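Across the two complexes that follow, chain A remains constant while its partner is chain B and subsequently chain C.
Let's turn to the complex of A and B:
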């Protein structure tokens, strides 16, 4: 044990002397801090936008009160009044932005057909979206393995190539103790960095101190340990530093770039999702065709859905709002199957990726962190569902005015339902990801230990 | 009695070459055994077998009565080793390197003691605090000598330790070996230097193609006779 600590302390001196590594480690620390800043400012921007929305809705109501100083037809209000379905982030979102940058975090809703409004989002620069988020999760999942590789590629081969190993092993020092001390120092360094960055990010994001703190730390620590296990396996092989570097970068490319790419292609092919275009066209055809269809046909189809309004007055006018909203409603009905096929397809893809993500600990870690932060696809789909229910509630609010011909007064604005949705963490997915990560790490570690035992360290 | 250093039918077969064919050798405390032989004769293989860096095909090597292959860690308490080309951590000073290796050997010396060992090994005082990266081969060799001496081992395994040393330093090294042998240290030295073998050795052995073909006490030969003997066996 004493020998271990002597070697451990010596590693610190070796590390300090390697200026390139010190520079690289400081750079990763800075990049990590930038990742925290990036994630926090992105979520703060979203929060700020979300906070401004009620004021916008109020402003819209003020305008309508001016436009309709007296009682108004609820159809006019439903047409001109905009309200918002909002998706609030969890405090963890700034650590792992997930899909919050590409998926809309609020939807502007009117009483019109829902499907045309649900997917409208702010414009995103596609080039920027392609490169992805530079949040802390990105730094930990994609860049930390490279730091670990840079620290470990010559773990034992440096001493061997320098010829120092003969003199080291001529002391009462076993090769196992030497490798253990060298690895332990690097693990301590990297995990120190991980803990500092995670701690800063958590404090900055003011996450509540619950089990998720432990879950996040367990995930990122285990993910780093996986890469150390890979480095140990390669070290046990006892090849040259150059070979080790190529092998480790190769593993990184396979697990971080190649497998995710192939998995994406495979999942897209295995779980086809209907094109959004088809849905849009069908809904438009239905709604625009509504103008030309006989009103009784439209209304009868609508009454099949809302039998409680069947006894309302027959439409004789050329235009009446309740007829207009009826064919808007039927537009949504006509694409309901397509819409659910679309979300089901997305969900199936997500589930297939989750089933296969043991192939790449990088995807596994990313999925788990996003699940923990509530920024993954299920969180977005839950928001869409909530927005759909909200739109239903809006219809439920306006239809009695329309069909019972009740005038809409200024007091009625306050009765309109409002919406709020906050995504929740999905600890089940994160925990199962942790389990898979544990298995991957364990398997690689055992392989490394077996190889290390099978090949006695040759100091020459 | 147990010998400090012993080989029993020690044999090493490499896939392409029989490096050592049944070596039998006993070395007592205070002896200086010099092993002569051409490159590839098996001298380094023998030393590597004693160090446990190489596993014997059959037979066994013993250090202080302990079988090397079965006690790979414990035997290293008893031996010190100076390779032909001492390599050290280049970013550490000579002093720091000596401190590191001594601590690994189980000795925690004060700085003044470390300096004394380096000075004793012939390292110039001004070099002690310089990074080893700036050292010449001879200076590294001297740090290697200091590391070996500071270990106070019962056996000294030397693989052409004076290569890279100038004649004066070589001479000082011979003197050091005589001192250590006087204190009871057994020395096993592979060398090409017949003159030095005669000068410091108590016995010389000649190795040819993995076989120890002759062993003689140095007192019975002068340097010329030893050279003739060597040439006789290697031609």
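Let's turn to the complex of A and C:
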């Protein structure tokens, strides 16, 4: 054990002397801090934007109060009044932004047909979206493997190429102790960095101290250990440094770039979702068809859904709001199947990726971190569902005014329902990701140990 | 002599098993990416063509309606994929596919691919451009990192020079030899792509697409040349093969992964994007200063009516040959459209400012020069997207104004009447004409310049380094 610590200390001295490595490590640390800064400020910006929405809604009400100084027809208010369904982030979102930048985090709603409003996109610079987010999750999933590769590609081959290995092994030191001490030093260094960065990020983002802290740390530590296991496997092969570097970068390329790219192609081919375009077209046609259909036909279809309004006055006027909103409502009703097919299709895509993510620990780590942060597709779908319920609540609020011909007064604005939704972490997905990560790390480690045992270290 | 050095490098590269394995892999990926790109192109294109046809038919087969009803019914514009986007899909996955065209407002382009998938898409997509921009340089690095170091370590460099060859000649010979090897890997995939393109009847006869493809190939040739020269120079400069390899891999990571992401993020941070909600509120605020088409009590509407009465020399609205409501609508549309266009132009300018940092970074990083150049030539970059958005808006505006004029022509009491169904069949539908190459080139000056500067600068610097190379 003593030799182990002597070797460990020697590694530390070597590391300090190697300017390149110190520079690289500090660079990764700085880049990680920038990632944390970027993630937190991005989420803060989203929070600030969300905080500005009530003011916009209030301003809209003020305008309406001026426009309709006395009592008004609720139909007019429903038409001109805009309100927002909002999607608040979890504090964890700062660490893994996921899809929160491309999916809108609020949706502007009026009493009109929902399906025409629900898919409006937020202003997103596509060039920036293509380049992706520079958040902590990116640094951990993408860049840490590269740091580990840079630290480990010449783990034993350096000594061999310098001719030191013969001298070293002539001492009472076994090759296993040597490799263990060298690896242990690098593991300690990298995990130290991971823990420092994660700690800083958690404090900065003010995450609540619960089980998710442990889950995040377990995920990122295990992910780094996976890459150390890969490096150990390649070291056990005992080839030249150049070969090791090529092999390790190759593995990185396959797991972090190629498998995700191929999987993406496979998933979009296996689960096509053309319903998005289809449903907006159909909904529009249904709604506008409403103008040309006989009013009694429209109202009877509507009353089948809302029998409580069946006894209201028959419509004789050329235009009346309750008829207008009835065919808006029926427009949504007619595409309900398409809408749920669309949502189901998206969810199936996500689940298919989750089923296959054992193919690459990088995808696994990324999806698990995003699930923990509540920033992936399911969080957005949950938000859309919540926005749909909110729109239903708005209908529930306005319909009595419309059908019982109750005038809308200034006091009624305050009674209108409001919406808030905060995404939740998905620990189940994260935990299953952790399980899969454990299996892949274990498998590679065992393969490395077997290879190491099968090939006695050749000092030349 | 240079010829025989090139020949020697070419032949020995082909005999190197590692290279053969790697290049077969890269070639396989290129071919796969071409076929995948082609399949995706076809699915998306067909989906959008069918959708466009559907809405066009719907528009033409409307029953008797009031023109303003039709203006609200509106239409959709679906963005067709550009022919070359099967090679480089660029921003296509992150830009929307369809925009709803209706009276009174300019809508956002919705339903992007990125919104329809989980975070997997953020790992990047497997396209021909991705293989060419990121993987082929890696292949080049593996091929060239020992170009000089090996000759030096085995002592063959001395022997070569004793034959009366200059170091420069050796270097150029190597560059030429490796160039041939790389061309051997890349050419089959590009030929396949060209053949697939030729199979598309809508593209086959278009000289524009062929010129774009030609320039596409040419830019990548320059890009690969940069990597080959760079790798050979680093190999001459570094003492050991190992350190040459590490240096080159470091440059690759910095250039293709870290810098592009960092510059895009910093750019977006420096010039914040206005939110859609804020933008809508501002548009609404400003549009109110104009005439409101749906508000007959509006003061400006009254003034317009007065003017009309005077112009036609009549005393009441009933006697007017035109519908006041229709003209008010037209006036209001002109005003709000201007407000919308101004805000969308501001938004585009914000995006351009954000992107400028990445574009200028092309001077530091050839990857950030080839990426916009490749997207631009493939017709899948930001400029092409904006072009579509503007074309859709122009169509929307003229459609709505045409309908407003129809309404105006209906005379007094138009609200009680409808126009015949045949009217809608006479209105042309949205046809998108992608901009020509000459237009696209205007946006690609900086990346082109950056790539050329790199080529000249690297050759100049390389020669200096090569001249000072130690022989043993």
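Keep in mind that, in the parts below, the second predicted complex is superposed on the first by the 459 of 460 C-alpha atoms of A that agree within 3 Å, B and C clash if a C-alpha of one lies under 4 Å from a C-alpha of the other, contacts with A are read in each partner's own complex, and residues count from 1 in each chain.
By definition in this document, a residue touches a chain if its C-beta (ideal position, glycine included) is under 8 Å from a C-beta of that chain, and two chains touch if they have at least 3 such contacts.
None of these values were measured; they are calculated from a predicted model.
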When chain B and chain C are modelled together on chain A, clash or fit: fit
Three-chain overlay, vertex chain A: chain B-chain C angle, C-alpha, nearest 10 degrees: 90
Touched partner set for A:171, first chain B, second chain C, both or neither: first
Which of chain B and chain C A:102 touches, first, second, both or neither: second
Which of chain B and chain C A:134 touches, first, second, both or neither: second
First, second, both or neither for A:376, with chain B first and chain C second: second
Contacts of A:120 with chain B and chain C, given as first, second, both or neither: second
Comparison of chain B and chain C by chain A residues contacted: C
Which superposed partner A:17 touches (first chain B, second chain C, both, neither): first
Contacts of A:6 with chain B and chain C, given as first, second, both or neither: first
Nearest Cα pair across chain B and chain C, whole Å: 14
Touching both chain C and chain B, counted on chain A across the two superposed complexes: none
Residue ranges of chain B in contact with chain A within the complex: 48, 51, 53, 55, 72-74, 76-77, 79-81, 83, 85-92, 96, 100-101, 103-106, 144, 147
For the chain A and chain C complex, residues of the former touching the latter: 31, 34, 38, 41, 45, 49, 52-53, 56, 59, 84, 98-99, 102-104, 106, 108, 116, 119-134, 138, 142-143, 146, 150, 154, 161, 240-242, 245-246, 249, 253, 256-258, 260-265, 267-269, 272-274, 276-278, 280-281, 284-285, 288, 291-292, 346, 349-350, 353, 362-363, 366-367, 370, 375-377
Residues of chain C touching chain A in the complex: 18, 29, 36, 39-40, 43, 47-48, 51, 54-55, 58, 63, 65, 69, 72-74, 76, 78, 90-91, 93-98, 100, 107-126, 130, 134-135, 138, 142, 145-146, 241-242, 245-246, 249, 253, 257-258, 260-265, 267-269, 272-281, 347, 350-351, 354-355, 358, 382, 385
In the complex, chain A residues that touch chain B: 3, 6-7, 10, 13-14, 17-18, 162-164, 166-174, 456, 458-460
